[in-house]
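Okay, so chain A shows up in both of these, paired with chain B first and chain C after.
Moving on to the complex of A and B:
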């Protein structure tokens, strides 16, 4: 009992949540007019044929003439067996397209996330340790700059500077270089920089406030009275309790950035990752690929929240698992 | 005893720079603590006693605080020491126990981890296993039942009194010469208070420590003090042996405090008025604005110099200076309440 049982229940809830999201997405897609059917009807009308018959034919081809519950069952089974349909624009299975895109997204998302998780809390701690001094103001100013400036706009500015003026990075992401190569590191450094500056602002702000609160806590005074070094006080006695509320912010904020800002940054820098794939699919009305991308982001968000809840329970020993 | 005192505090002053000006929390106080003795620092909330106790090892935040004066501990001047030198003394030869045990332990770590940290901070060569064994011994000493099993429990799994016992155990790890206890029983309920006070007295004997005990509770003072220093608004009003303070309270403030005890004349209404601003204190005696016996001379100049009444008893009051009659203060009280004396319990 206790923690294990809590985790089992929490995972079960995550599965139920994804199922609800999958169902609602399907309901919206089923209710919306199918672009394939419309396209067939328009084509038939232009060719002087019967648009209604052509629409029926297209509907049959897309198996839209079957009863709703059968289509729903097929769809749900397909989602959970990773049979996510066929991408008409990319001429490959949706899962294949997503895996290929993920290859590029991971290349900048992993370093970006690691840097943010490492730097954000530390900058906040540093600010709290030097509260109201020029160091605090400098760190806060830097963090707020990144927080305030829109990522895509900052990306364009840096692309103009480093890509167009200085020619240090390619204007459009070069997919030909190896993943672990200097060229790749250089061309990814700018989008990573943009995302890190954009994300540490919020994290640093929460970290600074929480740390400042714990800096004045009685248990920090106890540690000082024990003769513990200042360095150890900040890292062991201030940063550790700060991480509890901060972990919530970090996961939530990273997920929001991952699904939102990375799309804009990928479009700006021409990285053919998940965000770019979703963007192109929406423009081209590639329904299956849109659905697949949305599902992928949904799963990431659900799993992220699940991890956050588990991290929370591990970080704060006071949380009881019994009545939850 | 011809031996020099363990701790000598002279002109200890602690100021905080705030947006509204310089706040003088402790304003040039002196006291001495002999080896094995308990000195109680008494005063109402805001009188500067806590800041004074935390200024000795400079655990008050500096800046914004600034500690000046002289603190001699076992022949060593510690006020001018660097942070790294002071770290050796903090939790080493001078240990602290604080007022609120609920927040004094870090909620993210087990009590064992926190005691082991205290041991290893001062004895880096002690292995974790050895430190844990010592922690169990200390927890046993302070009366935590089933200590070995409770070592890996978190602070929230302990009651307030047990947490204070853990704090005391943590203070004892290095066998300190001086224990500074800042209102260690205030946040506890009465029965637990008595247990903790008894424990401190036992441990003082066992570990041969001096104790600086900060409190506003005169009942506690009567039980444990050898010497008493009465503070008001950052200044010392009166000092003396515990019997001198309770049997012959001489400063109007001390008398007023004693009259506030349950069953005494002021127990219902307290002392009228409130503490003066620590940023711009009044001229003359700090207590004059609230004093029933204040005369014109009380409101001019600085705090009156301490007038010795006996070898150990001194009072900072105009009425004890030459040319004044202290009977003004003493008589009236005796008339009003003949039973003021004999407040010291035999326990």
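Moving on to the complex of A and C:
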């Protein structure tokens, strides 16, 4: 019963979780009145026809008159064979719509994640190294500021400043520029800045508290006593044990931010990414696309949780697999 | 308990078993009495105050607007959420405020610890201010009402070009409309008083904070402690369920639900309460796991206490510090989530919340930035205050953490 067995079980469980989520979303959708059927009925009533007959017809067209278990089986097979339906507002398959929006989401989330993971722990370490000095207070103040200011509000303010007043960035994201171009970097810099300030706060706090614990640990004192340089002490002896507890929370935390913030930031800055797609689909009542985006976000969350648990087991040899 | 000078063999164990255990604490009695009263008023509201007939308009509004306390001349409509809010305040009073009064020694210790942290004291003051104004304000101040004649009034000490408002309430100096005390924070594009909306928004934020947190803490604590203490299959099942919940972000779940059934503040609060406790449960579980290994728990087990009693009387109070710290970090996320949905236009559009106001002022940012800035600042400072407070509470309630870091 070693690590391999634990990982196998964990992956199997992740697969079961996705199945449960797929079933729950289907149940929610099946229990609710279908907007397309309602639309057909309203249309018929306005045209002076029989709304009940029109509703029946729409139901037949949407294949809602078949027994529940058949519809469920079709749906599950569809989800796992990537046949996610047709988006009526975008006139393309849902999967293709999602891949197109992913293209834009990746452009800002990859730099965002890298910057957060790099800067967050370093600022925390810096703060712990200069504990209770003005440097620590400044770093803590910055972290709290970024953490407390709502991303969308901060985004609006910066857009007003840099977009409307100074005209450095376009007010609405320009999709025509190449991915790796200066223009793209400039227009993405503000959304990335907003997201990074929002996310490093919590990570900086955790890493500050964790590394503060190690700055006076015996092994650090020993290292100091035998003349190891300060940089080496902090990067080799303090940062590494700090990263273990941090790695257990960082993925889940970033994911929670990702689902919420990406939507807001994309709407504020007009980036046609995943969050924006979900938002537009909700507004336009495009059921297939709503379902597809929701599933996509939950899959990302499931995989993220899986990775987090894996990283934890690999990084920390002290944890035992017997009681998990 | 039995008299002091008895020897062991003289103690009447039957009597002691009879009188111990199920003793009702004053906290519980207060909670019980308060709940009974709430239920009575709620029943009164439900059975007697339905379908008011508005004489002025001559229409029956059904359940739209039903002032519960009409008899005593108080035209305040008590909603479903208000009942939950009152109940959560009652719980808060009976199990957070009253215990502080009952244990003056510990309270003064916490107070001393808190006082050393100036930002935390300021934060506490700010939150108490928001709470008091938020709870009492809407009772006194009229609900914000649209009035196009007074649109785009600037706040006190600020001014706006006269081309924007239809009519300037304050004096006009050099072609710029000056703010007046009548609208201390100015008005929106449809002439609603921003100050009024912010006061109502405080109440909404406090409702979200209190009710959703109450549900989260009850479920999270119950699941966390039970999983930790029971272990084995129970632990496995509960924690695997937590995994499922963690993989379904509440933000996305609520989006799906509002797509299907439409948004309402009540639904928001209940949904975030019922499906956002996975973090708390995990946190409490890991803390309680450490506690179950302690000697005093073993001692209580040996003396034959029931599982319920061990969890309720020993594990929960001893994990309280981690629970309270968790709360202060949880409340701002709920308030923020509501503001986010309101900003997206997907929230409950009938309520005057801060997020709605931020969204409303977005198109007027260039010439009337206060519409967005004022609620945004309130939101920012409230979230900031909760974080400072959480940080200070962590130090005050958990001296070990501080000792380690110093």
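The rule is short, and it goes like this: the second predicted complex is superposed on the first by the 320 of 324 C-alpha atoms of A that agree within 3 Å, B and C clash if a C-alpha of one lies under 4 Å from a C-alpha of the other, contacts with A are read in each partner's own complex, and residues count from 1 in each chain.
As a convention for this text, a contact is a pair of C-beta atoms (placed from the backbone, for glycine too) under 8 Å apart; a residue touches a chain by one contact, two chains touch by 3 or more.
Please read these numbers as outputs of a predicted model, since none were measured by experiment.
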Since both structures carry chain A, what do chain B and chain C do when superposed there: clash or fit? fit
Let me test your reading of the model: by the given contact rule, A:115 touches which partner, first (chain B), second (chain C), both or neither? neither
Given the touch rule stated above, what does A:185 touch, chain B (first), chain C (second), both, or neither? neither
Can A:7 be said to touch chain B (first), chain C (second), both, or neither? neither
Superposed arrangement, angle subtended at the Cα centre of chain A by chain B and chain C, nearest 10 degrees: 80
Now for A:152: first (chain B), second (chain C), both, or neither, which partner does it touch? second
State whether chain B or chain C is in contact with more residues of chain A in the superposed arrangement. C
Output check: A:212 vs chain B and chain C. Expected answer is one of first, second, both, neither. What do you get? second
Quick check on the superposed pair: does A:240 touch chain B, chain C, both, or neither? Answer first, second, both or neither. first
Across all Cα pairs of chain B and chain C, what is the smallest distance in the superposition, given in whole Å? 10
Touching both chain C and chain B, counted on chain A across the two superposed complexes: none
Can you name the residues of chain A that touch chain B in the complex? 216-219, 221-230, 236-237, 240-241, 244, 315-318
If you look only at chain B, which of its residues touch chain A in the complex? 54, 57, 59, 61, 83, 87-92, 95-96, 98, 100, 103-110, 117-118, 121-122, 154, 156, 167, 170
So in the complex, the part of chain C that touches chain A is made up of which residues? 240, 243-244, 246-249, 251-252, 255-261, 332, 336-337, 339-340, 343-344, 346, 358, 362, 365-366, 369, 372-373, 376, 379-381, 383-384, 387-388, 391, 401, 404-405
Any idea which chain A residues touch chain C in the complex? 13, 17-18, 20-21, 24-25, 28-29, 32, 131, 144-145, 147-150, 152-153, 156-157, 160, 164, 205, 209, 212-213, 252, 255-256, 259-260, 263-264, 267, 278-279, 282, 285, 290, 294, 297-298, 301-302, 305
